[in-house]
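Consider the two complexes below, in which chain A is the common component and chain B and chain C are the respective partners.
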Partner chain A sequence: MNYQQTEIPDYNFAYLDEQTKRMIRRALLKAVAIPGYQVPFAGREMPMPYGWGTGGVQVTAAVIGPEDTLKVIDQGSDDTTNAVSIRKFFARTAGVETTEKTADADIIQTRHRIPEHPLREDQILVYQVPIPEPLRFLEPRETETRKMHALEEYGLMHVKLYEDIARHGHIATTYAYPALINDRYMMDPSPIPKFDNPKMDMMPALQLFGAGREKRIYALPPYTKVKSLDFEDHPFVIQSWEDVCGLCGAKDTFLDEVILDDQGNRMFVCSDSDHCNERQAKGHRGPQNRDDSLTEEVAL
Partner chain B sequence: MDLGPLTAPLSGLENPAFASNRIFRDVLEALSRPGTVVPAPENLETPGKLNRAATGFLLALADMETPVWLSPDIRDIQTEKHLKFHTGCPVVDQCGQAVFAVADARTSNFDFLNSLAVGNPEMPHQSATLLIMIDGFTGPAALTLTGPGIHSKAVLAPDPIPDALIQWAQANQRLFPCGVDLIFAATSSLAALPRTTRIEV
Partner chain C sequence: MSRDSNILLSIRDLTMMYGSRIGCQDVCFDLWPGEVLGIVGESGSGKSTLLNCISAQLEPSEGQVSYNTRIEGMKEVYQMSEPERRLLMRTDWAFVHQSPRDGLRMNVSAGANVGERLMAIGNRHYGDIRQSAENWLGKVEIESDRLDDLPSTFSGGMQQRLQIARNLVTGPRLVFMDEPTGGLDVSVQAKLLDLLRSLVRDLGLSVIIVTHDLAVARLLSNRLMVMQRGRIVEQGLTDQVLDDPQHAYTQLLVSSILQT
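Let's turn to the complex of A and B:
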């Protein structure tokens, strides 16, 4: 469907009215100019509940144009409810092309993952963010966290990570892992697994973050330094698995654990469904997917 | 207020939803990759002394929430009427109140630069965006740019580029996270220097 050819559209292009889009666009421009700083914006009610990506949807609606191709993922997957409903929302209100292929997308809206396929300079990654303030669970008052950001006073977060080490022997934070942006602002990368944090560092693509309920927008320009917090004697490490993907045999992707029955059987599969399908199409097979010709032997 | 002789207003953006999206995306590209020169809208009527890039920027991003300040040398009744008619933006006398400030590199007096809003450490986004109208990006002196958005190094040669503006922009960078974001609006193209960009002559 081409939006421009429809007779009388039910909504303005991409649902939001032009004044709202201008307000969001101005917030986005300031967010890009101050990497990692949360810009307040007048978040609107969207036709979906808070927690379903209303922030990301508003950012996408302000950014997307009729020529763009959109991909939406939820925990890496293109075919879960949240991803399907947001993709349909924009197909209907903006008439844009949608895709499940990371490489074919101009704009990728994501909930809680960064695609495994490296992103390019001409792509924009839009994150759905539930709690944008990394210090919120340590200091509930906005007046105080705002002051802490102004003074670059992030000792509290280091204490939190230190307490992790004292109690568990290692930093137990595994998702929404705080990072320092361009040596200045501490930023919550949204609840992506810490596995994805290194991908944000010096990423060629522009990264935009929208928090609908909290009404905050922030951004990472391309090629911006993103340093995950750590200690000299407890350096930042990402998750690793002893298993491989049961379907495609990948050893270097983020894996989801799937319980198969009540006998304790389980399998691991790539969280990024597009990446996994692409590998299977190339003939890669994992241990639970060995019915036909094998092109890759998986050592178990 | 004297609105001057009654003349038909110039037209604004054709198909505003799509045109303003295109302009915004180009500005977003320019600000997120400092030094990148992006095209200005084609076939756009320009009031008074505003050029195409500056007119397109204001029509796409200004509205009743964004006071606009025009340097006295480029402020005239036609420009003011045009902006108010198409965007509803207030045109203010004090540049410190402006969300968008516009000046011309050839003709403006740059004494106003230090009066622009730079935000404060708790609210650094409450700062002005400054549009400087220039001829193009083939000037004799290239600025070397580093900072977020730039892979290693970028060069930009705005023409003309007054010394006062370079010195101010270098001092502006040191105010981070406060500071003004600078847009160079040439006739047919646009580039940006956000407050994060370090500038060497």
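Let's turn to the complex of A and C:
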């Protein structure tokens, strides 16, 4: 469907007025020019509550075009409430094509995950960010954190990691894992699992981050260095699982634990539903998905 | 070598005005390495204003604060670039607040508190940081099994000692203290003073200590300055000032101590 075919459009294309989009694009340009730097922008009220991705929605609205195809994911899945409502929002206000296939999308708005499928140079990944300031919980004063960014005083971030090791014996931060961008700015990569941090490093796609409540935009241009923080004697490691995906048998994806009953039965499934479906379509099968005995050996 | 080239900190004509009110006025003094300088006076006399001006936390209206940096020699503190000044403040200088809550991070463990300065100057080895945190807790007489406890579970005296450890871990040369024993009971005060005295001696620290407690001043400081209404009214060796006060205000101050 093309938006021009709608007889009387109910909204301006992609909901925001053109001046607002222009303002956001200017902030985006600045953000791309200084990777990892938080650019303030005049965030608008959106027809959804804060915490539902108002920042991401504004960024997406500013970069989307009528010919683009949009994919929206929430916790890696295309069919959760948040993803469905944002996808519908753009289908209605911009009339754009939507898809659940990572490879077919031009713009992917995401919350909590980076798709397992490697992204390309012509794709844009838009993150919804709840708290853009990585230093916030250690230093609540905004004036002070800005100064720390300006002067590159990031020792405090390691205090948090130190505290993790002292309490848990290992770096227990598993999501929103702080990373140093292009050897300069400290960035909170939004609440994606640290499993996804290495994917950000040198990613061919453009990555944009929008925080609606805090009215900040930041960005990673394609092929930007992203280094997750660590200690020399406690290097950065991503999560790993002993199980494989129960549906597609994947061993190298981020797995969600699903409780099956109150008898202690559970299974692990890929959090990226599109990736999992794609693998199943190719004939991969996991241990809980063997009822048809067609190709079960492919899985292992 | 001339005497002047050894000066660690030099204050000239320092004046701080709050609008038309005087914070402190025309303060001049020098501090030599290893010297403990006490600043006494009643509350409102400008002691804390002076300390904040000297320690680069409050830019004075007039006057110079020069510090003998390790690499470049004498440099005016307020002429330095901000990164340079902040680096100085967290490496070569230390500031012990009256309330440990101002000087500590209450929501991270004692070890992290001590390690923070080390991480701030680029130490990235967990084992090393933890080791030196443990050593420093030992030096301020906190048992090493409290290393992973939050400062909020510590007693007031322990918090104050933790604050001192946290400040001294980077081996500063100059320590500012604002009423370090305020709010502690007498026996804990005595213990803390003992500790401070031995640390100052062992590490060869230079200290500027602000206090209204003349007993603290007598015990710790080599030299004493007495302030009244923002001005220094008398200065000299501690024993000299306290035993033979010349200025009327100093005489009043000394005579107001309860004699036992």
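As a convention for this text, the second predicted complex is superposed on the first by the 294 of 300 C-alpha atoms of A that agree within 3 Å, B and C clash if a C-alpha of one lies under 4 Å from a C-alpha of the other, contacts with A are read in each partner's own complex, and residues count from 1 in each chain.
Throughout what follows, a contact is a pair of C-beta atoms (placed from the backbone, for glycine too) under 8 Å apart; a residue touches a chain by one contact, two chains touch by 3 or more.
Just so we're clear, the structure is a prediction, and the values are computed from it rather than from any experiment.
With both complexes brought onto chain A, simultaneous placement of chain B and chain C is permitted, the two fitting side by side without a clash. Applying the stated contact rule after C-alpha superposition, one finds that A:G155 touches chain C and leaves chain B untouched.
Counting the residues of chain A that each partner touches, chain B and chain C differ, and the larger count belongs to B. In the superposition on chain A, contact of A:R184 is made with chain B only, not with chain C.
The vertex angle at chain A, taken between the C-alpha centres of chain B and chain C once both structures are aligned on chain A, is 80 degrees to the nearest 10. With both structures placed on the common chain, the touch criterion links A:E163 to chain C but leaves chain B unconnected.
After superposing the two complexes on their shared chain, the closest approach between C-alpha atoms of chain B and chain C is 11 Å. Counting contacts as defined above, chain A residues 147, 151 meet chain B in one complex and chain C in the other.
By the touch criterion given at the top, residues 16-18, 20-22, 24-25, 27-28, 31-33, 60-63, 65-66, 99, 120-125, 127, 129, 148-151, 176-177, 181, 194-196 of chain B touch chain A in their complex.
On chain C, the positions that touch chain A within their shared complex are 82-83, 86, 105, 108-109, 111-112, 115-117, 119-122, 124-127, 129-130, 147-148.
Chain contact summary for the complex, chain A toward chain C: residues 138, 147, 151-153, 155-156, 158-160, 162-163, 165-167, 230-234. On chain A, the positions that touch chain B within their shared complex are 4, 12-13, 18-19, 21-23, 25-35, 37, 39-40, 62-66, 146-147, 149-151, 182, 184-185, 206, 219-225.
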